[in-house]
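Letters A, B and C mark the chains in the order given here, with residues in each chain numbered from 1 onward.
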Amino acid sequence: MSLKLGAMLPEVVRHLFRRPATVQYPFEKLELPKRFRGTPVMDPDLCIGCQMCARDCPSEAIEIHKESETTDETGKVKKRFSMTFYLDRCSHCAQCEEVCPRKAIHLDSTFEHGAFDRGSLKIIYK
Amino acid sequence: MDILKVLLYLLVYPGLLFLFLYSTFVEWVDRKLYAKFQNRMGPMYTGSHGVLQPIADFIKLMAKEDIVPEKADKPLFNAVPVLALASVLTAGLLLPVWHFSVSTPSATSFQGDIIVMAYLLSLPTLAYFLAGWASTSMYSVMGGVRVLTLLFAYEVPMFLAILSPAVLAGSWRLAEIAAYFQAHPAMLLVDVLAFAVALVALQAKLERVPFDIPHAETEIVGGAFTEYTGRKLAMFRLLVDIQMVVGAGFLAALFLGGFPGGLIPGFVWFIIKTMIIVFILSAMRAVTARIRIDQMVAFSWSWLAPLALIQLVIIFAIRGYMP
Amino acid sequence: MSTFVLPVGPQHPALKEPTSFRFLVDGEYVVDADLRLGYNHRGIEKGCEDRTYVQCMYILERICGICSNAHMTAFCQGVERILGLEVPKRGLYIRCLMGELERVHSHLLWLGVAGHEVGFDTFFMYTWRDREIVQDLLELISGNRVNYGMQTIGGVRRDLDELQIKKCLEGIAALKSRTPYYLNIGATEPTLVARIAGIGKLPKEKALELNAVGPTARASGVEIDVRKDAPYAGFESDIPFHIKTDTGGDVLARVVVRAHELMESYDICEFILKNLPSGEVRAKAPRKVPEGEVVSRVEAQRGEDIHYIRSNGSDKPERVKVRAPTLANWPATLYMLRGGYVADIPIVMAAIDPCLSCTDRMAVVTDVRKGSEKVMDWEELRRYGIEFYRRKGIKL
């Protein structure tokens, strides 16, 4: 193809009249898709303490602790577990959500985790 | 009364205050146009639609720490930004915006002031080279050497191009040239070739894409400005902006018919005509890539200089046939 | 004329990642070039020895942001071969789709970066605006714009539904109409052609001798592509694929090859989306992998990516070794840089699409005088560094 002086000029001038492609974050936010991998949220009512999530997490961001153990009248033992979750280590891979046998973990749509203090990024789900 | 007018001329318009404010405004226009060409927004938050952004950048740089490299030539290193800024501001005073009369020459409008203007606009280029040389860092020296090579490429076509309207109008005084073209507007079309060459040469003088070889960011980091920080860098950035305004004003006085009408109409004409030139320069910046220094020298001597010469020949022919 | 050493890196605006180049420069000519790597070494291979296969997948994915899917595919493919696991067809197709979408993402990014290196910022902005389309598609399918996490041992982790397929087809159609414009600009804009035509020439014999891979080699006329030589992820059965080469051997040829690969990727994606077979997307994989070793090859965006995996019967791999494509392209780059201009350095380096995060792996300390080798651990390395600078007079 032969060279054309100012080959991009027509397209560039046309852009003077178009809306900019910029989204002015953080004043405007984009809509996130349904299965966006945000922050893990755990429901302690469903957890059975199998530790699969803690074992599979590639960044060692999950610790499962036993909170209480109660035996009711029929002799059934009911244990309750809590999760200590280190948000600053999380790599948002959703392996914990995938591997949980009771679907106790799901990833929400938050991703803005800026904090001034590392300690505030340690979340405990009781 | 006269003293007051002179002070007004020197300090307010077209002196220090006007050049400072208008050059930051022109930088804003350039950045917004460049952004719009690229389908994005440009500055948005400081002031309404980011109008105060260049002033904010200037203030920020003034407040930063001033670092001088250990091996640099300190007196030269510190003096160069100030000298360059002074020369460009002086060049701004020679623009025929007001307080001149075509019949009587004065201190700011005299025979030969076109040459003085061109000379004063070349001083910053020498200043860039000295800045690069005085910094003694590898990237700065390479940038300084490239500045001089670029000067070698564009200076001759630019001089030929800006002297064409002078030859056509038969005078070496900016005010008289502008008055001539105001009286015979059809003659402006004769000079179109020189206008094109002068625009390209101005783009090279201002070191903007496609000719921003001396401070090519991805190759030699910052070129001559690599080691400059803080207040000196602020002065260099301001210098680049003011050079753009003065250069645009210079071309507008020569090729677009000047700024007739005295204080207020002259001011309006100045704004309009310099904006036209800034728009063309911005468009040139948006559609091209940066070329190499040897390609620039080859391009300039194979295309720009011959075109300027052809323009001069056309003008001589027309002058010969004119009454 | 005297020559001097121009350092480019480790920190330099032309480099997106740290590398240390030392150019012997005579005015504007590059007389000689030298390279030192290792600035992006993070100990990933050692980290893999300590983690289960499931954890390894995510570590290896994060070797690089752009080649993330390629690394994950190579690892998962290799482990599946040791296990003798067969991935269902739908899973293979989606695996291929992710690979091709990532290729589109990477090539559009590369076009922008190449434009920026020569100062053509408008081109950069336009290509990156188009890249947003493919990133939105990837976010829709996988949940993230980079590091998709779609591959797993046994298949892919998520399925595609009707709405996603429709959106993908629309996005790809939009990209298909816009991409030929960039190829047109690359061939007709005089300033761009002046910067990229005839620069960084690599003749075919040299490309073969210096073991160039990927688009760098294909632009010199060498027809190598893992998708043809050792097909995987559906390429061995029905997904059509045509290898794209060019004979120029310069940067313009590499632009042309990548633009053609973009068009080819669009065609492959459309074929996959329109002919997606039904069924499962993953097969259940056991946690413990029997003893064995495998070499797994994948055509990443920059060339051939090789993973070597050795297992020992437990749930942690014994050894994982990654050879990224950029490492193979560096000798060819040094050859291209010699004899050129200083102004050509950024574009020639950008033309091989360097990904330093992929390149830097295990660093072995060699004592040049004694000829012995040893591996240092963290404490030892730290002590060595502090001592090194103390001897130079810098207190840490």
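Please note the rule applied: a contact is a pair of C-beta atoms (placed from the backbone, for glycine too) under 8 Å apart; a residue touches a chain by one contact, two chains touch by 3 or more.
On a predicted model such as this, the values are computed, not experimentally measured, just so you know.
Pairs A-B and B-C differ in how many C-beta pairs touch across them, and the larger number is found at B-C. When each chain is reduced to the mean of its CA atoms, the one lying nearest the mean of all protein CA atoms is C. Put simply, the C-alpha centre of subunit A and that of subunit C have 26 angstrom between them. Subunit A and subunit B have centres, each the mean of its CA atoms, that are 53 Å apart. Centre-to-centre separation of subunit B and subunit C, using mean CA positions: 44 Å. Annotation for subunit C: residues 122-123, 129, 189 touch two or more other chains. Each of the following residues of subunit B touches two or more other chains: 37-40, 286-288. Across the assembly, subunit A contributes 7-8, 12, 21 as residues in contact with two or more other chains. The touching residues of subunit C, when paired with subunit B in their complex, are 4, 6-7, 12-14, 27-28, 115-123, 125-126, 129, 189, 191-192, 194-195, 341-346.
Subunit B meets subunit C in the complex at residues 37-40, 138, 142, 145, 209-210, 212-213, 216-221, 286-295.
Of all residues in subunit A, those touching subunit C in their complex are 1-5, 7-8, 11-12, 21, 32-33, 35-37, 55-58, 91-95, 98-99, 107.
Every residue of subunit B that touches subunit A in the complex is listed here, in rising order: 35-41, 44, 283, 286-288.
Residue ranges on subunit A touching subunit B, taken from their complex, read 6-9, 12-13, 15-16, 18, 20-22, 24.
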